[in-house]
Amino acid sequence: MSEETKGSSLEEFRQFRERMNAEILGENNLVVNRFFALDGRAYEAGALDVRTKELLGLVASLVLRCDDCVTYHLVRCAEEGVTRPEIFEALSVGLIVGGSIVIPHMRRAVDRWSELEQRA
Amino acid sequence: MSEETKGSSLEEFRQFRERMNAEILGENNLVVNRFFALDGRAYEAGALDVRTKELLGLVASLVLRCDDCVTYHLVRCAEEGVTRPEIFEALSVGLIVGGSIVIPHMRRAVDRWSELEQRA
Amino acid sequence: MSEETKGSSLEEFRQFRERMNAEILGENNLVVNRFFALDGRAYEAGALDVRTKELLGLVASLVLRCDDCVTYHLVRCAEEGVTRPEIFEALSVGLIVGGSIVIPHMRRAVDRWSELEQRA
Amino acid sequence: MSEETKGSSLEEFRQFRERMNAEILGENNLVVNRFFALDGRAYEAGALDVRTKELLGLVASLVLRCDDCVTYHLVRCAEEGVTRPEIFEALSVGLIVGGSIVIPHMRRAVDRWSELEQRA
Amino acid sequence: MSEETKGSSLEEFRQFRERMNAEILGENNLVVNRFFALDGRAYEAGALDVRTKELLGLVASLVLRCDDCVTYHLVRCAEEGVTRPEIFEALSVGLIVGGSIVIPHMRRAVDRWSELEQRA
Amino acid sequence: MSEETKGSSLEEFRQFRERMNAEILGENNLVVNRFFALDGRAYEAGALDVRTKELLGLVASLVLRCDDCVTYHLVRCAEEGVTRPEIFEALSVGLIVGGSIVIPHMRRAVDRWSELEQRA
């Protein structure tokens, strides 16, 4: 299916992501590789805990309307024990800030979240 | 197929949209549910008629480059009797405002519109 | 004042716009000059009338959050006799589509519109 | 000064915001007024606390690059006792997600935050 | 597969693009057709050579996160003899300017580029 | 004046930028400081020369509509000996990709460029 509906399975997403990250990092472009490393660091615990940072990443991804980024942060939120009501409240902030244009991405986000809950 | 080409069928779009709207509204998050209700109200007749409002929604969706939102407003425009030349003029305003980055979404929009005409 | 508040006067906007358009067009870059000409054509009457097209331009500019573009289309809407309730309904569609991030631009738009009404 | 540098004072921002909100709400456009009310509800405590929601609003505003929205959420974060290191970590997530295009808005955000600290 | 992973094949992309361009141009909307013509002119050699202009189009498409536009400019870059390290450096500028939100599009871009290299 | 017209002087821009960069880097947030360093590295000569990379940064900034970022890259382009026709061609690519919403930023960019030429 396409952007307009449901998106590929979590497993397809993960495999494509891993394969392409390996190909990208294997190119040894200094700027790209350092950015990828820094991207990981941004979500480590500090003054804010990991859960809060993942929720920040989730809402930023939602208002910028990137399904892959939303999926990634949902997976991480699930790993960190974020609850369904917390996810919905985070999504609601993104919805108010970003408007109805966010709704199709919210549909896919909720579908992903339900998929993640069923695996747990 | 994928975002890069044609997208899923109108029927798949509708089914996924309905299923997920039901799941989202069933969560009873006050902010989300009120926003969904308000989203419907914004397109009701008032000082501007429904056709004009749907065209506004269409062009806003096009320049923000959301295929699902474009599809939704095209369906509504068809229901309101908007003609093909009117759709093209609305799309042309979106194209000028939003630039060539809008073109892939315009392709999918025109493809959708032709699909809607064939059903009528 | 700055983007964060009210913006320059309509008269300053007009003067800067005219001076820079003249400088830009004077460069005789074919692509740029043709685009500027085409930008004018997009709002001419056709299957849709001028008022509707200006409202489309207004809402597209609002959701893309460009104050100058919003100002330009408000001036044109005023010239075409669009009423205050019509402007508010068009802005309300932009607000629902674009979310709260649109609000600061809506404040400046309404302030501009009131300024335009006072001149009439 | 202009968007390119520092922006107006917090006091100017507040006055313009209040004056225009009053003018907008006074128009009694149902959709607009309900949206404004809903915008307030989105940040109330629920499954997530107010501080977390304000940080979500801050980062969403930063990646969408709206100075006024960033200012608003910084003021609210200050009221809720968010610390400077927490603000910097939230901004750092926004910077990584949104890229260098976010930096000018981050400069204005940090300048605002320092202004808020000096008042406390 | 979907936006979230790999996208359709280059061949599907090309066929859909050609079919829809023909349908769109066949409508004879003056503004649309002139814009399409102008879009071609923007990348012709002038003070800047074609390679540089295609790289500009590529990075603009990447930061605006349009997979189809990225694919189009990658095809043109391949035709103009741009090398893999040049593509990676252009993508790295887009990544720094646009942030991590660009990464899913970068994955698809690199996958496309490898596909283009294998055909050469 | 405001975002809607000309922006602050180049000198004000530079002073604010330097003062805030110092304050930001002085906070010693690891992610932020590494990102700032990486931002510098992205424009160093490699497979692509510095001029080309600055033009890529310019067009990316234009289509993302960040006046400060455009100003920064114009200053760097001037230092690298980029000519006025080259700047106009780069801007023309940004205009076609990004549409008329880019025009107000293009006006300010051309005004800046003329200011830079007068100093040379």
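A few notes on this one:
The first chain written gets the first letter, and so on, giving A, B, C, D, E and F; residue counts start at 1 in each chain.
Please note the rule applied: a contact is a pair of C-beta atoms (placed from the backbone, for glycine too) under 8 Å apart; a residue touches a chain by one contact, two chains touch by 3 or more.
Values in this document were obtained by computation on a predicted structure and should not be read as measured data.
As for how the two copies subunit A and subunit D face one another, over half of their interface residue numbers coincide.
Ranking all chains by how far their C-alpha centres lie from the centre of subunit D, first place goes to E.
One inter-chain figure worth recording: subunit C and subunit F are separated by 25 Å, centre to centre, where each centre is the mean of the chain's CA atoms.
Between the Cα centres of subunit C and subunit E there is a gap of 30 Å. Among all residues of subunit A, those that touch two or more other chains are 1-3, 5-6, 31, 35, 38-39, 42, 60-61, 63-64, 69, 85, 88-89, 92, 95-98, 100-101. Contact residues of subunit D toward subunit F in the complex are 1-6, 65, 84-85, 88-89, 91-92, 95-96, 100-101, 103-104, 106-108, 110-111, 114. Within the complex formed with subunit E, the residues of subunit A that make contact are 1-3, 5-8, 12-13, 16-17, 20-21, 23-24, 27, 29, 31-32, 35-36, 39, 60-61, 64, 66-69, 71. Of all the residues in subunit E, the ones that touch subunit D in their complex are 63, 95-102. In the complex of the two chains, the subunit E residues touching subunit F come out as 38-39, 42-43, 46-48, 52-53, 55-57, 59-64, 69, 83, 85-86, 88-90, 92-98.
The part of subunit E that touches subunit C in the complex is made up of residues 30-31, 34-35, 38, 41-42.
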